[in-house]
Amino acid sequence: MNTNFLFKHLKFLATATICYGLLLLANYTLDRYTLYIIALIGIYAIATSSLNLTNGYTGLFSLGHAGFMAIGAYVSTLLTFPVRLRIAYNLPLLPRFLGGPEFQWPFLPALIMGGLMAAIGALLVGIPVLRLRGHYLSVASLGFMVIVTTLAKGLKDITRGAAGIQAIPHYANLWWIYGWLIITVYVIWRLLDSSYGRAMLAIRESEIAAQAQGINVTYYKITAFVTSAFFAGVAGGLYAHFARSIRPYEFSFSMTFYVVIMLIIGGSGTLLGPIIGATTITALKYALKPIEEGLKIYGLVEVIYAILLIVVMLWWPQGIAGGITFLKVLLLKRKKGGEENVRISAGKADGA
Amino acid sequence: MLTYIAQQMVNGFVLGSMYALLALGMTVVYGILRLVNFAHGGLVTIGAFIFFYALSVLKINFALTLVLAVLSGACLGFLLDFVAYRKLRGGPEVALLITSLGVYIFIENITKLLASPQPYAFRPPPLFLQRFTFKGIIFSNTDIFIVIAAVVIMVTFAVFVKRTKLGIAMRATAERIETARLMGINTNKVIVTAFVLGSAIATITGFMWGAKYGQISYDMGFMAGVKAFVATVIGGVGSIPGAMVGGFLLGFAEILLVGALPAGFAEYRDAFVFTILLIVLLLRPTGLMGRKEAL
Amino acid sequence: MSLLKVNNLHVAYGKIPAVTDLSFAVNDGQIVALVGANGAGKSTVLKTIVGVVKPISGSIFFSGTDITSWSADRRVRAGIVLVPEGRQIFTTLSVYENLLVGAYHRRDEQLRHDFEWVYTLFPVLKERAHQTAGTLSGGEQQMLALGRALMARPKLLLLDEPSLGLAPLVVREIYQMITNICKTGITVLLVEQNINIIIHLVDYVYVMQTGELKLHGTPQEVFTGEDIKRAYLGG
């Protein structure tokens, strides 16, 4: 048991090191624009992976992800914003209990605080709503997102309203982003490999059956929801400190939809799926952007996304990652000529 | 002061009628499929744009436009079910939800693409703009149209569902779809009818929305769809009268909230709607008249 | 000739077999019972006959015609009607509407006569014609379910556990009505766990256990001998 544990961790560590190695290579060889996209992919991968925890593994269809990202973005920004610029940009100084007017937070604690605040938001929304049926959660979480963005627009003294916040210090770079991605994937992986994970999968299959087995369904749902929100908040914070500018409308339904579609197309319920999805969709977006701008057909990218989503839902609901597993099993079957269990397992670090 | 309150009551009634109709359109599908049809909002947008093009661009007269729009809406509803939802019937609920989301995004962005990212000024036929004053309360022909049309549609629908064979079949299917099949009811036909009716209603609501707010845009369907759902939840999911009651209540609540609070809070209007939703879900998830669903 | 003939039926839910190599027949005008312990597959047989469940292999003949590939609503139109387990009446519809729905697939003009017929058989339903079905008692709901099935003008009436959840006195009433129904020429195939009630009422019995047909014969043949009873039905 112990050696297995060690072995799995070593595999994970190896994968992480390779990933970092590739990043180093990319950093020295690729141009700034491509690196920018790679960084964005990383951020979306974190957001999508965290959404995977609720939507993919626990079977809760949350539509409020952008709201958690918004909380993370704004909270971390308001904490780290340089003191000398605050007055110039009409941003408030920090109150005493947060460090006082002369203080600005270092990046890591601010980022974590952003995640924590998002997690608390999830707790507040989750407790009443998670005991209800699927579509209630969907619309309620959507509502939460709207409330968050409305507050961001409305509390002008704190957030600068619809104008948003610019000139955010550029703390987040490739290393930070992918470092956090590795942490996110690690946490989700360990969570799934534990009794928590089994409970979540049981809930996804059948809530009633899970309850009959004595699983405290609401407790596990809330855990999944809160954890997912934490990492979404972190993703938001990373986004703010990478793109250096945030506006309330960026965290609207479009953002949630992007993350959802990355999850579905990448393959929900797998560890690699979100990452594949984030890569594919972001790459697609930036490939199509010049066409959209050139021909002035705004909305083209989203139309293609929507069509992709519908097509995937109808014919290929396991997404790309599911497809890869399917192929793997197919090849294995040819080699061994025997029966294989096609269930997508949640316990591997390198999913594909 | 009294006039102010009376005016707000009238405004609330008009808005409520529109919301009630929205909720009805959504509940028709929800009752049978247990699907929150996100695409419903999209159909409202399409309805509004059809009216816009027919009235302002092609200059077709209103009565003809009404007929055309309703027929188009009905066809679209049928198409929607056929293309996107039919294959997923009997599968997990979430799948339908996600797909309906995809359909909405598709509709929203194709409208953005084909029409424009900018909102259009919506000008109903001049007759609609006529205003009246009665004891200090101002209302227009649009308001009258909204209320009357909403009432007519709701009453017609109620009669349809109570008196006609197909209507009763719909109610039976909404309660127990498997047993309905055992009775020889063609549940496919019932589902298609639900989509067709719901979409036709959505189309008309699109006109009302445009006429009331004076402008239409590619993303107007989002809040329309959401408010439809909130009204449904307030009134009680799965209950047709409940949906309509919920719509009225939501309309009143919105007007009262916006009227009662200082001017700076007007932009919180949408957030109010969701706060109401969360409160209802917290206190009484089955709504006022809803049947007890497995939550 | 048999009204219903089932040949070598194999039914499974996914990988789990429910009915294995089942063959039996029901003759015109009979009341036949399908008995067995829980999980024996009895309900599955009824559902397969009415077309809601599709068999893996085997065939079903109705009045000499092979109906194995027919859809459920086609079978209903042909006169095979099921009163499902737990009654499953439409609680949000009125009694009258429930009965109307029962006759949904029929296009003929006889409707009024049939309403009168059902109301004569079950006077309670006439009393409560416009009441919401959900407000009826258990026994009344069973009568409604029966009435609703009768509205479909069945030739073969399938009853899945009609006594379930009902008080003993009510059960006797219900079975009296079932006998009356049979007297009007309708063939009845019923599934029942409580064999004591039906011993004297049915013409023929099929005993199932874990999906297979174990025993059949007249009630006298099947139910004499305590050991047989105990062996197959748990006493």
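Think of it as A, B and C in the order they're written, each chain with its own count starting at 1.
By definition in this document, a contact is a pair of C-beta atoms (placed from the backbone, for glycine too) under 8 Å apart; a residue touches a chain by one contact, two chains touch by 3 or more.
These numbers were taken from a predicted model, which means no experiment stands behind them.
Just to be sure I understand: the centre of a chain is the mean of its C-alpha atoms, right? Then which chain's centre is nearest the mean of all of them?
B
Which chain is most remote from chain A in terms of Cα centres?
Result for max centroid distance from chain A is chain C.
Could you work out how far the Cα centre of chain A sits from that of chain C, in whole Å?
54
Could you put a whole-Å number on the gap between the CA centroids of chain A and chain B?
The answer is 33 Å.
I'd like the Å distance between the centres of chain B and chain C, where a centre is the mean of that chain's Cα atoms.
Their C-alpha centroids are separated by 43 Å.
So in the complex, the part of chain A that touches chain B is made up of which residues?
Listed in rising order, the residues of chain A that touch chain B are 59, 61, 63, 125, 128-129, 131-136, 138-140, 142-144, 146-147, 150-151, 153-154, 253, 257, 260-261, 264, 297-300, 302-303, 305-307, 309-310, 313-314, 317.
Give every residue of chain C touching chain B within the complex, in rising order.
50, 52, 72-73, 76-77, 82, 84, 88, 90-93, 97, 100-102, 104-105, 148, 152
Along chain B, where are the residues that touch chain C in the complex?
Spelled out, the residues of chain B in touch with chain C are 165, 168-169, 171-172, 174-176, 178-186, 291.
What part of chain B is in contact with chain A in the complex they form?
The contact residues of chain B facing chain A are 34-36, 84, 87-88, 93-95, 97-99, 101-103, 105-106, 108-113, 117, 218, 222, 226, 229-230, 233, 265, 267-268, 270-271, 273-275, 277-278, 281-282, 285, 293-295.
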